[in-house]
Amino acid sequence: MFDFYFEIPLVIRLILQGLAVIMVIFPIAGACSMAERKVAAWIQDRPGPNRAVVPWVAWIPFFGKFLQRLGVFHVMADGGKMLFKEDSLPGHVNKFYFVLAPIVAMIPALTTVVAVPFGAYFDAAGKLIPIGLAPLDIGMLAVFAVSSLGVYSAILAGWASNSKYPFLGSVRASAQLISYELSMTLAVLPVFLWVNAPGTEGTMGFARVVEFQSQPGFLGGMWFGFLMPISAFIFLVALFAETNRQPFDTVESESDLVGSFHTEYGAFKWGLFFVAEYSHMIVGSGVFMLLFGGGWNPLPWVSLATAVDFLGTFLPFAHVPLFVGILSIAIFMGKVLAMIFFFMWVRWTLPRFRYDQVMKIGWQKLLPLSIANLLFYAIAIALIQK
Amino acid sequence: MAVITVERKPLTFLERTYLPQIAGGLKTTFKHLIAPKKTLEYPEQRPAIPVGYRGVPTLVKDPNGREKCVSCQLCEFVCPPKAIRITPGEIPADQADRAHVEKGPQAFDIDMLRCIYCGLCQEVCPEEAIFLQNQFSMSGYTRAEMVNHKDRLYELGGTLPDAHHKWDKKKAAEEHGNAH
Amino acid sequence: MDISVLQTLASRNLWGAITPEILLGGLALVLLVIELLFPKEHGRIVPVAALVGLVTILGGVLFNAPSAYLNQETFNGLLVHTHGGQVMRVFFLLAAIMVCLIARVSLAKQTLPRVEFYHIVLVVTAAMMLLAQSNHLVLFFVALETVTIGLYILVSYYRTSLTLEAGLKYLVMGALSSSLMLFGIVLLYGVAGNPALPAHTAQSMHYGQLAAFLAANPHNFLASIGIVLVLAGVAFKIGAFPFQIWVPDVYQGAPTPVTAFLAVSSKAVGFTALLALAGTVFASYAWLVAPVLTFFAATTLLFGNFAALTQHNVKRLIGLSGVSHAGFLLLGVAAVSHAPMAVGAIYFYLFAYLLASFAVFGVMAHVAGTNDADQELDHYAGLAKDRPFLALVLALGLGSLAGIPPLVGFMGKLFIFIAAFQAGLYGLLAIAVIGVVVSIYYYFGWIKAAFFETWGKSADSPAHPERTPVDFVTGFALSALALAVVVLGFYQGPLGSWLSGR
Amino acid sequence: MMTASLNAYVIVSAVLFAIGFFGVLIRRNTLIVFMSLELMLIASTLALVAFSRVNGTMDGNVFVFFILTVAAAEVAVGLAIIVALFRRRQTVQIDQLDTLKN
Amino acid sequence: MAQFLFLLFAIFTVLCAVGVVVNKNAVNASICLILCLVGVAGLFVLLDAYLLAFVLLLVYAGAVAALFLFIVMLLDVQGKETFGLRGFRTIAGFVAFALLLAGIGSVALKGQIVSSPPVSVAGGAQLKLYAYQLFTTYLLPVQIIGFLLLISMLGVIVLSKKHEIAEDAQ
Amino acid sequence: MSTLPFDPLLAAIFAPLAVALAIACGLPKRFSVKLAYVGFGLPLLLALHVWFYYGTAAQTHGYAFLTSYSTGLDSLGIGLKLGLNGISLPLFVLAGIVGFAAGLYAIQSGAERLKIYLMLLLVMQGGLMGVFASVDIFFFYFFHELALIPTFIMVGIWGGRDRNYAAMKLTIYLTLGAMLSLIGLIALYVKSGAHSFDLIELRRVIAAQPLEVTVQHNIFGLLALGFGILVSLWPLHTWAPLGYGAAPSSAAMLHAGVLKKFGLYGLIQIALPLLPAGLIQWSHPLAWLAVVGNVLVIGFVTIAQRDLKQMVGYSSVMHMGYAFLGIAAGSTLGVGGVVLLMVAHGLSVALMFLLTTSVYHRTHTFALDEMGGLAQKAPVLSALFVAATFAGIGLPGFANFWGELTIFVALWKFSPLITILAVAGVVISAVYGLRAAARVFFGPATPEFAKIAAEHPVSDLRWSERLPALILLAALMFIGFWPKSLSTALDATLTPAPAAQVGAVK
């Protein structure tokens, strides 16, 4: 049906796919900023933003009102505001790097998506084909590698702003990013130890991990989140820190730093930072879900294949690859959004740590814990496989 | 007075991980998340204004629809931020029912950008002509709009349903010839 | 590649073969644990633990002198356990013991964390021991870098401005030389594994295979560039002439025990590497290696000695004299291809250098004040009167360094000279003789400062820092060194035959 | 995907190496000297990977791991020294670091 | 295509390297270094060494170069460096540069390095190949590297700890 | 054959060293001094013992008392091999006698830090005994250096005027000489192909296959230069008068008397038999240098000296010229003469230094111009001094006579011109010797001396000073009257080997 697509030259195809993903990520990131406000409001027993409205749409009898109440149109309003506000450039900054920093923030945020598969379908032979921009063998590594470049935006922004608070913020940010990257990496290793049994083809790709979580049987269908709760926990905490989310947003910590490295930023440039942060969150949540949350499997012990088979009993088109693909993407996206909701939920629950506490947690608590965890699983896996 | 040192109870392991507490916090916030919203959607919904609320100062008329203010300027005098400006004037001749009133305000302006809602004008008014009523929102696009003129004040204030009928009595007295 | 192949490969990792190194690493970790367990007393326990451990390991190595793995390649050819390797193990252990002893004296004058120092010394020593047995360029590079980076830290350990400056200089020069060497290794790897060349080999970084390849391609230009680069990198470690510029500054700035470590162990590492590379692997490129080594030896001898002449700071002095010793050793290395006895001679010289240097450094540590970089010749005035024991040890050590018979240093020089003569290096010998004579001058100046000046006029000796009293253990070690310096000069005994591997 | 010849890669790596070497020699700012040193290491890894690709052995690629780790350790130590020195001297220019002289 | 990419990356890398060396401003230099690393990572990809490319980015660009940039900014050394083409060092630098370049370049151009048809390495199995090598043949160096990292960590802690030192009140 | 239950040579070497070690380990002063007597006496006794029994002892490879000990370097052909032949015997005895005399003199001298002084002297003594007892040329060299080092230290610490400069100059010159000769020895070791430092082995190998002529030339040149510096061959002699001038008397006695002979001994024992072609190449330059430089130039310089000790030092340099001449002559006779001269000069110069110091103790100056008339106050001293002077000049009755005579006879065959010049040198030595004796002891007392004598009452030699002097003088006269006591053994050693070869080359 879509064979023509595969006849397009690879480069163009890749560009198309990349654009498609960006087209999805960008709005989601924008929507997240809205969602953040909504969730904040809900948790504070408020309805949240619900006034903005677009002509025509609002006139749709019931649905329009619903959208308005949901605050959907505020996304546009906010985005429009950011785009069209006067984009001022303070006089004391290093212009080049000042402008460069938000761009640098965006690049890794969007590039990491390349390595993350976001769905799967079954080909004619019943083989699982992941959907993603680049089915990399070393997906995990690629994500880590590229996202580690994100630190430059913080450093550059802070330095280029040429004023104290941003600089302090950038120092904090980069130290925090580098600190937590360690525990994060170590936390992920048990998963790959488990996946890469001897004799199988070694990989650090995500698809295999998901495949591993969709096997039949009690252990097979178990998501790694249940199998390795500590790993999942460490990864999660590190993810919070990496994305500078509450309770780890000492970087921003408006009470002592005004705003972090983006104190001097405004308008569109500031918006880019904002979007980059949400993109990070999205990709991070995606990775978390792939590794610990079963990827596109709907439920623990219920794999995508099972689900499709079940659906097949009353939907004739259930096995069509297109449907399976969309279904899996939907499941995956649902999980990611749930994760993002979790992010927000935590944000309005926990107070912010002090900077020294952040460092202490990273180096003195999380790192030893992750090492112990790694050792435990390494030994356990060795014993099991014997 | 003996000092009693109360030892802080040592934290258990679970407490030291803070995880149960965090979970508890999440639970609490989640409860609020799904709890019914307590917001008053204001322009559509209005709060119930309690009795005795002191909002925007207004001028009132007596039940007969006459201005109560006699432009004695006490309120103007007492107003701490000098928000009130009164231009006194004669009672026009055509107002037969007020002919016995010596004066009435020609213009009565309250600058709401200045008013501090202290209520002194109401306190001081001998004629009980000025009241702080339940109107609480004032808004406008220009400064000029924020000055309440006399007609606006009366519009806001309405009629005070008092049973004094002072001017009626005065008129009657005059007519009876025992004025003063 | 299935499991069985892996198991075969893994089974070649004979950990038993490197027991001493593993024990050293373990000991280093134990030190950290001690610090954790005894936060109050670790300042006293750690050095003792390190020393006891080192002595025990040394005893074990000596006890098992003919290791069961002798002349065997282990770790898939990464290591080869030769007699020379055993000798150098003992050498590095001895050096580490002495460094720890001197450090006890020297660190006591500073307010500094202690445990890290000993930890790093132990790890670096283990790396040196592995390096001496390395048979593969990868292991060579990794072990060498471990040594070098450990030394960067140790050099800057006191964190005074001078120490840090020395550390920075050492770092820049060290990293430069590492890069040069690395590029050389890469070129060798690339050439030796190139499928288009004859005798190309899959394991092109293995010494034996590389040597076979080089023998089959005796004039490959790229390989010769690689060889020159590798030699340059090693020349830095030993402080050979064009790469010696770091030596005086770093030696002066570094803490005294580290200076000793640099002077003895680091140099010895360079020479074991040079022996392994220039002596065997690059043997078929003698047309290239020989002139390079000759150049190194000649210039190093001349520079070291003449530069040392004008020094007043004893640390610079001993640094530059160390350069000249490197020259003598290079003379031996240059002779290796023609005189088989040169290898034994180099080992003997190294041991002689070890004994004498540590005797001198031990005294320096006692004479130095809080400011470790400031050790002038004048500070030695009156030493013979104040602390005759230290003065005697100093005199013996310096005498041995100068190569005065009957001290052991003379024997070392003699063997080197014999080897050089056998190899027909007459020109170099002439330079070496000049070097010896010149060196007498500055060593003598030092002895003079310690002895002569004060016995004549004791009244107005210049101010000098407080001299640390010698405690029992250090005193014992210094006497043992002094005695060894003398006795080995008379009677080489089993050591001589053991060193020459016969 | 390798269509450019090995020569080309080796030349690129040699050029990088030479640039790094040049930088070490002529620059006086310690930090930039240090960066130049890193350039040299990187050049080596590039050559190593290219050779490894042509030779068909993994050793070169594996060696790159070691080089990277070593470089990271070296940088960490080096920068610690530079920072500590800067705290005491307020300079990182090599020619101002000349206290150790006779 | 690959040829074009090679040229692109090679030129980019070399230009960035030059940028590192000639830049007066240390911040610019470190940015150039990072870009240069990205270029080299690209070349690695062209050489089918994906893993190394990403490791390079992760370790070098992500951590090492970040540290550089960080320190450069922290010290905020205003580049008063007298950077001119004079003095013995510069001449020596040029000579060394030229020699090295000429040496290796001539060999490469003369074709002494023979490019044989590259042996293809199975793409998917690459990761495992690395692992096999690292944990069988090169297990010992891996262990040594572990100790190396440990001592460098300790060293950095010792060197940067704030500690009262008697000396240096200059 | 020796009837001692131990090896006398080894005992003679290690007795002083052992005593030195004991002192170094912190022996109290009283015991140190007592033990030092043993340390100096034992070598003398053993030397005399060996001398006495030499004729009857069993000879192996031309050596008596041959023993060897391994020092762990057998694989390199290095081992402590001790033995005496006719050449080394006289010098061994010389070392014993002079060492004892110097030791006695040192003990009575009451120097500062006597313990260490004695210790160093004992080390020197042990080294000296070792030099002449070694058959292994490595240990030959080694013991020389062992004896040399204390000299530097003693000059540096106990020396007189300019001691720092003197010590430094001495050290550098002598180290240079030693290094050069070491290289020469190594060359011999390597080039001979014997890969052994054992002299016997070297001789055997070289006899079987002589070295190439150019090689011989080069090695001989190296050795001659190196040893020449050590023996103060002109113009490399400048260290000697300076050093002796500064050195404390016992050290000067031992060095000038015995240790300096090392170079000549090396030439005779090693260079001549092993490198005959080298000698032929170098004999003329060597002879001319010796006769013009050492004998004539230094002779005149000596005459010009105004300082007694310097003068003795220069005279010692001058006499070395004769020794070189004897070696250059190259014949059995000449070599024999050299050995005799070495012994004789060793005894006489030691005596000279001893007496000079004794004079100094009485006059508190070395300046000849400030002395005079000491004979009245110290007759024994003056008698001994005059006797020593006569011995130095080479008058019959003293050992020197036989040495010089033999050398002149041998030299005539080599070159009559040189002989004439050399004999003229005797006149020079007579001039300065007698002049000095006259100036110091006879004639009127100078005002300066009178002043000093007034401050420090002048006494004659004490017995503690007299005894060493007498021992030396006795030995001089014993040999002078009965040279056969040495020459028998000497002939026995010299006749078969070197003479035959030297003759053959001629």
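A, B, C, D, E and F label the chains in the order they appear, each numbered from 1.
The working rule: contacts are C-beta pairs under 8 Å (C-beta built on N, C-alpha and C of every residue); 3 or more make two chains touch, one makes a residue touch a chain.
Predicted model, so just to flag it, every value in this text is computed and none were measured.
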Labels of chains that are neighbours to chain C and to chain D: E
Chain D reached from chain B - shortest hop count over touching chains: 3
Per Cα centroids, the chain farthest from chain D: B
Which of A-E and D-E has more C-beta contact pairs: D-E
Centre-most chain, if every chain is reduced to its averaged C-alpha atoms: C
Farthest-lying chain, centroid of Cα atoms versus that of chain C: B
Chain A and chain F: spacing of chain centres that average the CA atoms, whole Å: 95
Chain C and chain E: spacing of chain centres that average the CA atoms, whole Å: 29
Inter-chain centre distance, chain C versus chain F - centres from mean C-alpha coordinates, in Å: 42
Centroid spacing, where centroids are CA-atom means, of chain B and chain E in whole angstrom: 74
Residue list for chain D, restricted to those that touch at least two other chains: 10, 17, 20-21, 34, 50, 54-56, 59, 62, 66, 70, 73-74, 77, 81-82, 84, 88
Chain C, residues touching no fewer than two other chains: 138, 142, 145, 149, 152-153, 156, 159-161, 187, 190, 194-195
List of chain C residues in touch with chain F within their complex: 341, 392, 399, 404-406, 410, 414-415, 417-418, 421-422, 429, 433, 436-437, 440-441, 444, 448, 451-452, 455-456, 490-497, 500, 502
Residues of chain E that touch chain A when the two form their complex: 27, 31, 34, 50-51, 54-55, 57-58, 61-63, 66, 69-70, 73-74, 123-128, 131
Chain C to chain E touching residues, read off their complex: 1, 6, 9-10, 13, 18, 25, 28, 75-76, 78-79, 111-113, 116, 119-120, 123-124, 126-127, 130, 138-139, 142-143, 145-146, 149-150, 152-153, 156-161, 187, 190-191, 194-197, 220-222, 225, 370-371
Residue ranges of chain C touching chain D (in the complex, touch as defined): 138, 141-142, 145, 149, 152-153, 156, 159-162, 164-169, 171-172, 175-176, 178-180, 182-183, 185-187, 189-190, 193-195, 200, 202-205, 248-249, 252-253, 310-313, 316, 373
Residues of chain E defined as touching chain C within the complex: 103-104, 107, 112-116, 119, 129, 132, 135-141, 144-145, 147-148, 150-152, 154-155, 157-159, 161, 163-168, 170
